[in-house]
Structure formats: C-alpha cells, structure tokens
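The chains carry the letters A, B, C and D, assigned in the order they are written, with residues numbered from 1 in each.
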Amino acid sequence: MSLNSFGHLFRVTTWGESHGPALGATVDGCPPNVPVTPEMLQVWLDKRRPGQNKNTTQRNEPDAVKILSGVFEGKTTGTPIQLMIENTDQRSRDYGEISQTFRPGHADITYHQKYGNRDYRGGGRSSARETAARVAAGGVARAAIKTLVPGLEIKGYMTRMGEMGIDRSTFDWDAIDQNDFWIPNGAATAQTWEEYLQALRKAHDSVGAEIEVVARGLPAGLGAPIYGKLDTDLAAAMMSINAVKGVEIGEGMAAARLKGTENADEIFLGDDGQPVYSSNHAGGILGGISTGQDVVVRFAVKPTSSILSPRKSIRIDGSATEVITKGRHDPCVGIRAVPVAEAMMACVVLDHLLLHRGQIGENQGRIG
Amino acid sequence: MSLNSFGHLFRVTTWGESHGPALGATVDGCPPNVPVTPEMLQVWLDKRRPGQNKNTTQRNEPDAVKILSGVFEGKTTGTPIQLMIENTDQRSRDYGEISQTFRPGHADITYHQKYGNRDYRGGGRSSARETAARVAAGGVARAAIKTLVPGLEIKGYMTRMGEMGIDRSTFDWDAIDQNDFWIPNGAATAQTWEEYLQALRKAHDSVGAEIEVVARGLPAGLGAPIYGKLDTDLAAAMMSINAVKGVEIGEGMAAARLKGTENADEIFLGDDGQPVYSSNHAGGILGGISTGQDVVVRFAVKPTSSILSPRKSIRIDGSATEVITKGRHDPCVGIRAVPVAEAMMACVVLDHLLLHRGQIGENQGRIG
Amino acid sequence: MSLNSFGHLFRVTTWGESHGPALGATVDGCPPNVPVTPEMLQVWLDKRRPGQNKNTTQRNEPDAVKILSGVFEGKTTGTPIQLMIENTDQRSRDYGEISQTFRPGHADITYHQKYGNRDYRGGGRSSARETAARVAAGGVARAAIKTLVPGLEIKGYMTRMGEMGIDRSTFDWDAIDQNDFWIPNGAATAQTWEEYLQALRKAHDSVGAEIEVVARGLPAGLGAPIYGKLDTDLAAAMMSINAVKGVEIGEGMAAARLKGTENADEIFLGDDGQPVYSSNHAGGILGGISTGQDVVVRFAVKPTSSILSPRKSIRIDGSATEVITKGRHDPCVGIRAVPVAEAMMACVVLDHLLLHRGQIGENQGRIG
Amino acid sequence: MSLNSFGHLFRVTTWGESHGPALGATVDGCPPNVPVTPEMLQVWLDKRRPGQNKNTTQRNEPDAVKILSGVFEGKTTGTPIQLMIENTDQRSRDYGEISQTFRPGHADITYHQKYGNRDYRGGGRSSARETAARVAAGGVARAAIKTLVPGLEIKGYMTRMGEMGIDRSTFDWDAIDQNDFWIPNGAATAQTWEEYLQALRKAHDSVGAEIEVVARGLPAGLGAPIYGKLDTDLAAAMMSINAVKGVEIGEGMAAARLKGTENADEIFLGDDGQPVYSSNHAGGILGGISTGQDVVVRFAVKPTSSILSPRKSIRIDGSATEVITKGRHDPCVGIRAVPVAEAMMACVVLDHLLLHRGQIGENQGRIG
C-alpha cells in the first residue's frame, strides 16, 4: 500500500515536488512489447504544459520526459517504467514569507499540521505540477490500450468555467482540439470564454471549471463489484486531481431529481447482435461494470486559491496576516485539468482491461 | 488486492448474495481492546433495516448480526472480525423469467456480460442488501473511533428526494433522527416528503435522492497526498454504494461556478490556539488532508430501476421483452443509504486515524 | 492491505479462532464458472483433519465446510466465496491457569505483548486449526487450476521427521497416499516412522519435520520480478504456516556449499520444441519466473511446543511457573502440514496464472 | 499491487536495468522529519559497491545516489522519496551473441519466455545491480529507525562460502567490519577464505554462500498474524534478493531434526521486568510476532551462473550452443549480499514498527 500510488495491475506511483530537481512516475505492470517512445509521451505533456497560451500560467517549463527504465529498443519490457521530468525553471527567489504563511484554500496549512515539515517552494508536493507525471503515465496507458482495444478513444473537454457553460445542442467533437479551452463549441464561444477569463485575471480573481471525460469504444464487462467498481476507481482517480471537489458518472448529482421512469436506459439488440440502449443516464456503467456505451465522467475544479486579491490568514507562529499570492498562476486551473483527466481515464481503463483479462480471460458471457 | 475490499489499515471485505445462506463482512486491522458487542452493531443495522416503515421495502429481515471471530469477552482482539448476517426471508419463488431477462438500469446485464454466470435471485451480489454488511463493519469502526477520538460525531441526512429539497435556513441537527427520511427539518416537511413518495409509489415509479454526511470533531492532519487523500478515499467509498452516481466534497460541483475571491476560506486563530475558518467551502479538506473543520460529503443516488412500470429490454438469447419488476422494492433507495453512508464515513475516518498514527505518531506539526 | 490475507488477484483472507463459533476463508478473485461443491473441498479437509489416525491429535472435528457465497448452481460466480467451518468440538473446560500463563515456544506471550488481549482458548487465532481455512481455499484454487491447466499436479510429502529421513533412491510418487506420514517410501519405512513417533509420544515429547511440495506441469513464464517473484510468494506462503522456520527452493540452503560448475542446469531443446534441462538445482524457478520444470519447495516445521514435559515460564503478572501442556496435541504437527502446504502451493500457483494472463495474455515469448 | 514493490506502510518500489540510464527506488510512507542526506545513504552503498576489493567484480561504478524528492532541507517531508543511481560504467560492446543465447542458471530464458522482450545488456532487470536501489532505500529505513528505536542494531555477516564455514565458538561481532568477507572471525580465517576464493576464480568457477542477519534491540510485539507475520515478511524480503534459494528463521531447517524438549525457549523474568529466555531457537519470533530477543535470519545464495567454464545451452531459435560468460563477475555474489540483506531487514523492521504503531499505538500488553 503506497498512498502515492493508484491502480491494481497497471500501477502508477508519482513522486516529486514542484521546485525539487525532478518529478516523475514509476509505472508498474504495463504489458510488454508496447511501442513507447519519449516523443509519444511528449505529445500529451505538451497539451498540459503551462505557458502554451495566454490563458494558462506563464511559467515556461519544457516538461521534457525522460524514460529511465522499462523500455528497451522502443518497446516496453514488462518491468517498471520510470518517467522523469526535470524541473528546469526554478527561479531563485526569497521564500521567507511564504515559508511561514498559510495561503487560504491551499494545502499549506494541512501539510504543516500533518507533517510539521513541508517543501513550501511552489507548493511542493501539493503543486499542480505533480499532474505532469500523471500525464506521462497516461501516455504509456494510451499506448498499451491501443494494442489491446485499437478503436478505444478517450477525450476530455471543458463544460463550464464560472458563468460560462457549453451549448450541448451544438456539441462538436472535432472542435475540442481547436480552441484554448478544449470546449466542444465553435470559435465564437471560445472567444467569449477568453474575454470572460481575461476580465477575471485583470480583477485579480480566478474561477472554477467543470470537465467531462468520455471513453468511447470500451468493451462491456470491465469493472468489478463491489469496491473495485469501474466508477469507484474513476471517482477516486478524478478526485485525486488537485482542486477537484466533485465527481459525477452519467447523470451524476442530477440523478437525485429523477424518477425511475425517466432514468431507465431501455435495452434493445443492435444490428451487430450487441445490446444498444435508448439513452445513457448510467454513464456507461451498471453495477460498477461497463455496458459498452460511452463511459462519461464529469468533475468540478475549484478556483485556484492563489490570487492577487488579499485574503486573511495566519502564520505558523499563529499571528494574523494578509496573503496576496504573486507569481505565475492560472486564473483557471481547470483548463489544464483536461489532459490530466484524460490521462487518469486512460490509466483506469487499462488497469481494468488487464484485471478483466486476468480473472476472466476470454470466457466472458455472451448475449444471443 | 481484493476488489471486494476497501481500506488500508482498517480493511473491510464484504461477501454474500441477497438470497444465499448469509452475507457479511470480514474486518481486519481493528485496534485491540475496543468494546464491541452484537447489540452495539445491531443498533446501526436496525436503522438500515428494510420493513421498518412504510417508505422502505416491505421485506422483513431481522438482519441479526453474529460476531464469529475477533472479539473475545466483549473486546476486539486485533485479529479479523467476521460479521455474519443470515438471510432468513428467502421466499420460495419461480425465478424462471428473471433469470433470463435483464432489467433496464440494473446490473443484470453487465454481470452477465462479465462473468457469464450470476446469482439472479434478488439481484445476487449486486443487491442493496450487501450494504447491511457495511453497516455492521461501520459499527465496529464507530466503536474504535470512540476510543481514539471520543468527541468525533458522524451524521448523515437526506438533502433531496426528487423535487423535494431540504430548507437549509431551518437546518435542525436534532430533527434528523425524528423522521422517516433522516431530514434536518421538522415534522411538517417530513409529512410533505411522505405524501410525495406515496404518490410516486402509487404511480409505480421511484425517485432519486441526495444525502449529506458530516464528520464533526475530526482532528486536523488526516489524509495523505496524492492518491490516498481523505477526499479520494471518501469519494471511492461513497461511489461504491449501490446506485450512487455523484460525490461531492464541500462546494462540490458548484465549485465550477465560483470565483477565487468567493471560494477562499479565510483563516484566523481561535481562542484555543487552533485555526478557525471564516467558511467551509473546502468541506474540511485541503490538499487531501483534514483541516479540523466539519468534513462534508454529499452524494446522489439514482432512482431504483426496479419499478412496476414496464420498460423495454432483452433476454440472454437476444430476444426483445418488456420488464416489470414486481416484488418488494423501495420507491426511494436513498433513504436507506443514509446509515450506509455513515458507516462508510466511519470506516474511512478510522482507517485514516490509524494511517496517520502509523506514519506520524504524535509528531504532527504545531501552530503557534 | 490486510495482514490476514495473501495473494494478488486470487486473494484469500482467513478469519477465526480455534474455539470460537467458526473459522473460515474469504476467497476473492476466483475466475467464474469453475465447478465447486462442498464435497470437492471436503476431500482436502478430510486429509488435514485431526483424529484420522493415531499419529495426529485425537480431537475429533468433522471440519465440515459450508459455502456461504460466491457459488451458484455448483459454479463460481466470480464474486467472493465465503467458506465457513464451524467449531463443533469445543469441550467445556477451565482455562484459568492457561489464561494467565505463557507456554514456552508458543505465541501466547507475543500475542499478549502485542495486543494485551488474546483468546487463550486452544491458542485462539494462533492455533493450527486456522490452517483448515487454507485447505478449503486451496480446494477452490485446485478446482480453478484444473480449468486453466488441466495437467497440473500438486503433491506434498514428508521428507524428514526428527531422526527419520526418506530414502530418495527409492522415491515412489504413488506410495505417498498410502501411509499415514505421506512419505514417498514403502510400508516398511512408514512402520519405522510410526514406531519412532509413538516412542516420542510416550516420552511426552514432540518432534519437527521437513515437508516438500512439488508443482508439476506448471507452464514456463509464471512469476514476476522483483518482489512478486514466484519463489518470493512461495516462501511467504510456506513461512506463514504455523511453526515453519525455514523455506527452500530447489537446492535451498545447500546451495551455499555448491560451485557454479555443479549448480548449472544445462539447457537442451526437447523433442516437443520446449527447453529441457539436465538437472533442476533451481527448483523450477529462475529470476523469480517458472522454467516449466517441477517447482520444488521444501520447508521445516518445528516440534510442537505443547508437550507434557514441564518447561519453565512466567505468568502475566511476571511470576515464575512451570508449564505442562495437557490436551490433544500432535506429537508431530508436520504431518498435517502436508495438505496445508499443498493448499498454499495451489493458491500461489493460481494467483500467478491469473497475474500472468492479466499482464501478458497470450503474448508470451516463444523459443524456436 | 505493484510486483516491484514491497512493504505495507513503508513501501519501496525499485526500478531500472543494469545498463539503462539509471536505476533507483521510490520510497513511500517514511515518517517526516527524519534527517536524511545523500552522504548518509552513500555509506551503505559504498559497502555494497563492486570494485572495492579483489573478491568482488572489477566493474567500477561510483554508485552515487541522488535524492530527487521527499527530502527538504535535510529532512524527510513524509512524501515519496526518489533515490536515483545513474549507470556510468556502460562499456560499449557487442551484445550480438548474448542477446540470442540463454545462460544456464540465469533468468535470461524465463524473462524471454514470459515477456518475449528483455533488456539483455548485463542481465537487464534481473541484474544484481538492482540491489543497489534496495541498499539506498535501506539507508532511509535505518535513519527512520534511529529516530524511533535509537538502540536498534542491524548487522549481517557471512556464515559459509562453499566449503568454508565460520567458527561460531570464536564469534566476534566487532571483527565483521574488518575483513573483506564480513565474517565474525579473525584475520587468519579471512585469509583462508580469500585463498579458497582465489583458487575458485582461477579454476573459472564460482561458489555459493550463506549469510546471517541479526536485528538486535527490536521491541517485543512487532509483526502480525497470519499472513503479515514478521517472519513471513522477512522470508519474502530475503527470497527476493537475487540468487537466494533458502531462508531460515532461528533454527531454520534444522528444526526438522529437533525434539520439543530441545526446542523450547524457556521464559524467565529479567531484572528489568521484561521476559528473558534461556535460548533463542525461535530466532526472536513466536507466532509471527517479535519476542524482544535477537531476530535471526539466515539465507543461502547460489553460486553465480556467470562463469568462464563452458556450459551447454540453447539460443532463442532453439539451436544448441555452449556458453562461456566473460566479463566482470563476482566469483561469490554472496559477499555483496550482506549489505543488501541488512537493507532488507531495515525496511521490514521499519515497516512493522509503523504498522504496530498504527494499529496499537501505545496500548500494547504489559507483563508484571
């Protein structure tokens, strides 16, 4: 049991602090003979990387991933894969005040209360920078999934940023990669979102976000009762991302308002002999096991607590203070959560593919 | 790794099917010398038990728990505690049709697609009856918590049932135990909820629910980055409960709409030298670690799929059918989820109390 | 993490005390659709059962196993299997002295020093009776192995009992089941062993034993570097059996005396295109992974500490005393360790079959 | 569950191959505020390092450890500690033949049969070089133990190398660090061992070894029934070391030859009110829990299979060949296993110290 690990058979342990020499992920249990190169992983890291557009932090880290083990001649060997990202942009600065002060809404105070010792530089272990390691690990998971279920697709997008919400009636899967917010709407909408965010930035404020991730093409039968449910693992995976405060599967919290007659996804037999459903209120998971429909996960990210507006707080010695967080911070950390969530989805999905194969092999139940 | 287990040091494994001879929980890692008797556990089981009022299923199971091991002369020994609940109300009946048919919105089809073999009697392993085992295990956790943090209180209540929502302006902690819905409002409100639910029952329908669970008096410092966060484990624990589709901590999904200036919980030093906060948007958890404030978890339960209204489906052989689920089913399974959620909270909290003591002992950080 | 569990994918948790109402095993991760009946498990339990011959304890327990969950219509469902054995022969007696005294060589004192609370009746949790639960779980494992690798055979036998050692030059695989000591030698040898043991019993003494277990027909490729090695898991499995003090793979401790030229198992290509070896010093495992040869594990069991000869000890209050352990005790507990060791081997082998399938599927490496 | 990890609360995952860019250990669960510096770890690595004397391989690796995370201002933070050792001595060479051939007694063939893909350079993941990562992790464990149980001492030494065995009648604890073989005998004995080993080297042969590790000053009460026994975890830890074929606790395999009257460690009350024992056949562990006596573990290392004498084998294509392993290889790998075994003991002991504190706190049982 490592509290910095997740996954059962495909197991990821992340390590590292924001301003230490490096951070990374130790990935164990990957199938052998999967083509993996640093370039393949870099694609996903570049998507998450700060400094790429004016809506995210201006910190400029190349976030170049190195593969230190577990890959030989371009293919995984089945042994642990060590993925390292060196921290290159560690500006020399005076941490005197921040080392003694707790930022409201930040993990500063709880790390201190737990450990009595924290790396206060850039948030240390609690920095969102840790998510780079997840994205690298997710790249490995994606590569392995490709060899197991070639058509499986994983896609994340923003559905809300403060007062801005997407228009589901014009949902455009292809638009997602064509704007800075990963929204499934056109450029005009993205332009509105950008103006909203720049206004917030100028007001020295930040804002929350809602992200949705979909796994399409997942076979039926993945997951396991009762505590290794696919949705249980997905909920834990998303909740573990920095600043996430809620996770939903399918209807999510709205299910509390529904009636049974509204919520039922009726079942038919499709032309290919597989079940098809009249709807997907369940988000592709029944009893913790995938139905073969789209698996739909949604989560909310709180607004970053690192803002330029002064907030009341205390110091380690108990004295009162006011905190203004200067530095390079995203007004909406939710934007960068999109590739992180995709990575977590990929890791959980691969893990359950391997678990299912381990227990069941090719002997799953048939219909028709 | 057992997929039917949860917890790190305090570890619970449940087993059993709805209509088998018995079901139960194997509880490992409980501290020794904790007073535990069947009567102490029965209190919580009776709270969850069906048949207790007209708003839950009419199935009448005494749900009497037996302690088969791990308790000697009324105290835990530190070795595994086996809690068994025999299934006494197994009406003899013909399962012919249900054994061949998949109920829409139910785990029937996914269990079949995964395992090709399922105990179809009463939902088998996927039955909400499994939650009785959690409640028994939660009773053990509560007893152990009492010896470690005597003032700690865990309380769950409904906040929504379909169109009915609680009135937070008249929130009454003491009212919770005085009505059939565990709502923190007065008898008049409970009466309205009951009328609403009875109308649904007559309409052969069911409805979803939202439940909130609070842990009050939890010490600061519990939880651990990054994948063993207190909120990560709570999210997994609640999502593992049957029919749960969403989990929130503090502001939850609403955090997506908030600005940083609104969301910050400002910090002050209280009279007792401990931090106090101006608000609790965080739900008592920062960076995965408890702040010492109330830990607030909320989740949504979908409406039960077992309804008397006909729904379209298929059989194992692929043929089309219509399903009406007769039998004894709650129109709102969310009501019984309240004691289950309390039990899950108790188990997670105890687990993190032990984890913290294991890694940190008495050397946590101090303020002031 | 449960300290009363073992296995990765096929995971067994045992529970129960010698003189409580029952003991058993919670078995999770078994493949579905494996034929399992109580009768199939009973065969192995009867082999371990005390009272079957005059060389083991005279306690007469039917050790009847009940399957409480996870098996439906004679086949496993893939969900947790609860195996319960009720304790029927709990003679009423006065435990006054034994409850206050620590038997030398027994776990009495360490349980007290750890927990400050122990079920002293018949050794409580530390009783060898716990191994009945392993044997039941091993029966499930054997049934699952049969569906995966039909020809795989697991066999244990004694190789030493005090001064008595087997004659390897007349090793007879078929003789093992035909004598009370499970030795691979003829009836004349068994007669000698029996006389030796009866003399020890009359002298109020007990004796140690050495047991060897072989898995024949295991495919090459099972196991995993570095801490999930097949031999690592086997060593842990055997060391977890009561009274075991040493574990060997292949040459075992004798490897310390060998030269590299003596120890090398030379490799050839067999007629069926698979590797064959000139010898099996390695015990069928190289680098933690099976070679396809016989996997050979050997272990030593200490003499039972429960003897009629007086031994010096202390009481809980620190006062000096002399202990004579009356009651029904095996003069050589090693005899009953044979079916237990077979069960542990079966569980570990099945676990690694599933792990291998999970990570590798059908894509293992080929020779030729 | 990671198969490249060990430990429950103090959890170590190693990664890396012999000839990749680096190898290391990810250490999770260490208590915070433990003083740790690279220099402190380097002491232990230097002890294990090849090239230090003429009895070990001539490969010259500085084995300099870098701490990439989890330590801040010289103290552990409680978050994952990443220990990296770069591989600097990677001689460019032609691996053509070795990449196609399986060395007898080596993991070459089983890695190929499992994964179909292996890093054949220097043994890849199966190289003894992996043990450097364990030694670094063990250094962290030692530092943490020092803060918890200051007087606890862990010491390993050789007890046998082929025909050479130590003289226990002149056992000298202080001599261990004063000779190249870590033997507890004087310089004259070490001289005999050296001559024996040099003769073997000249004969192009290698030899096995037996190592004993002692933990002195361990408190009573560490360990846990039934599958998390202290001896179970120690057996797994030692068996996981490369080339180990047998593990013993206390009397070990010799227990099979003992009678109950001989084996009993009688108990008395010592002057300090703690139990003392007349002997230590049990090796300091009863029922899986420490007694407070010396914990004594012994294990055997097989002779290295990499020898200059030709041995028959096959290639990947199935063709026959003869293998001579040139290169820099220890004639007795057992020598370097001494610091590795100490490291494993330290990791297991720390893990059980934390586990015990987690479950029991300060409430262990008392005597007198």
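Keep this in mind: contacts are C-beta pairs under 8 Å (C-beta built on N, C-alpha and C of every residue); 3 or more make two chains touch, one makes a residue touch a chain.
Since the structure is predicted, the reported quantities are computational estimates derived from the model, not experimental observations.
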Which chains are in contact with both chain B and chain C?
A, D
Comparing centres built from CA atoms, which chain ends up most distant from chain C?
A
Taking the mean of the C-alpha atoms as each chain's centre, how many Å separate chain A from chain C?
45
Calculate how many whole Å lie between the centre of chain A and the centre of chain D, each centre taken as the average of the chain's C-alpha atoms.
39
Could you give the separation in Å between the centres of chain A and chain B, each centre being the mean of its C-alpha atoms?
26
So chain D residues touching two or more other chains come to 1, 3-5, 8-9, 14, 29, 32-33, 78-79, 114-117, 125, 225, 355, 360, 363
For chain A, which residues are in contact with chain D within the complex?
1-5, 8-9, 11, 13-17, 20-24, 26, 28-29, 32-33, 66, 68-70, 72, 75-82, 84, 114-119, 124-125
Going by the contact rule set out above, which residues of chain D touch chain C in the complex?
1, 3-6, 8, 14, 102, 104-107, 109-117, 125-126, 130, 160-163, 200, 205-210, 220-229, 231-233, 235-236, 238-240, 242, 245-269, 273, 275, 278, 281-283, 285-292, 298, 300-305, 307, 309, 311-314, 316-320, 334, 355-356, 360, 363-368
Report the residues of chain C in contact with chain A in the complex, numbered from low to high.
1, 9, 29-33, 78-79, 225, 354-355, 357-361, 363
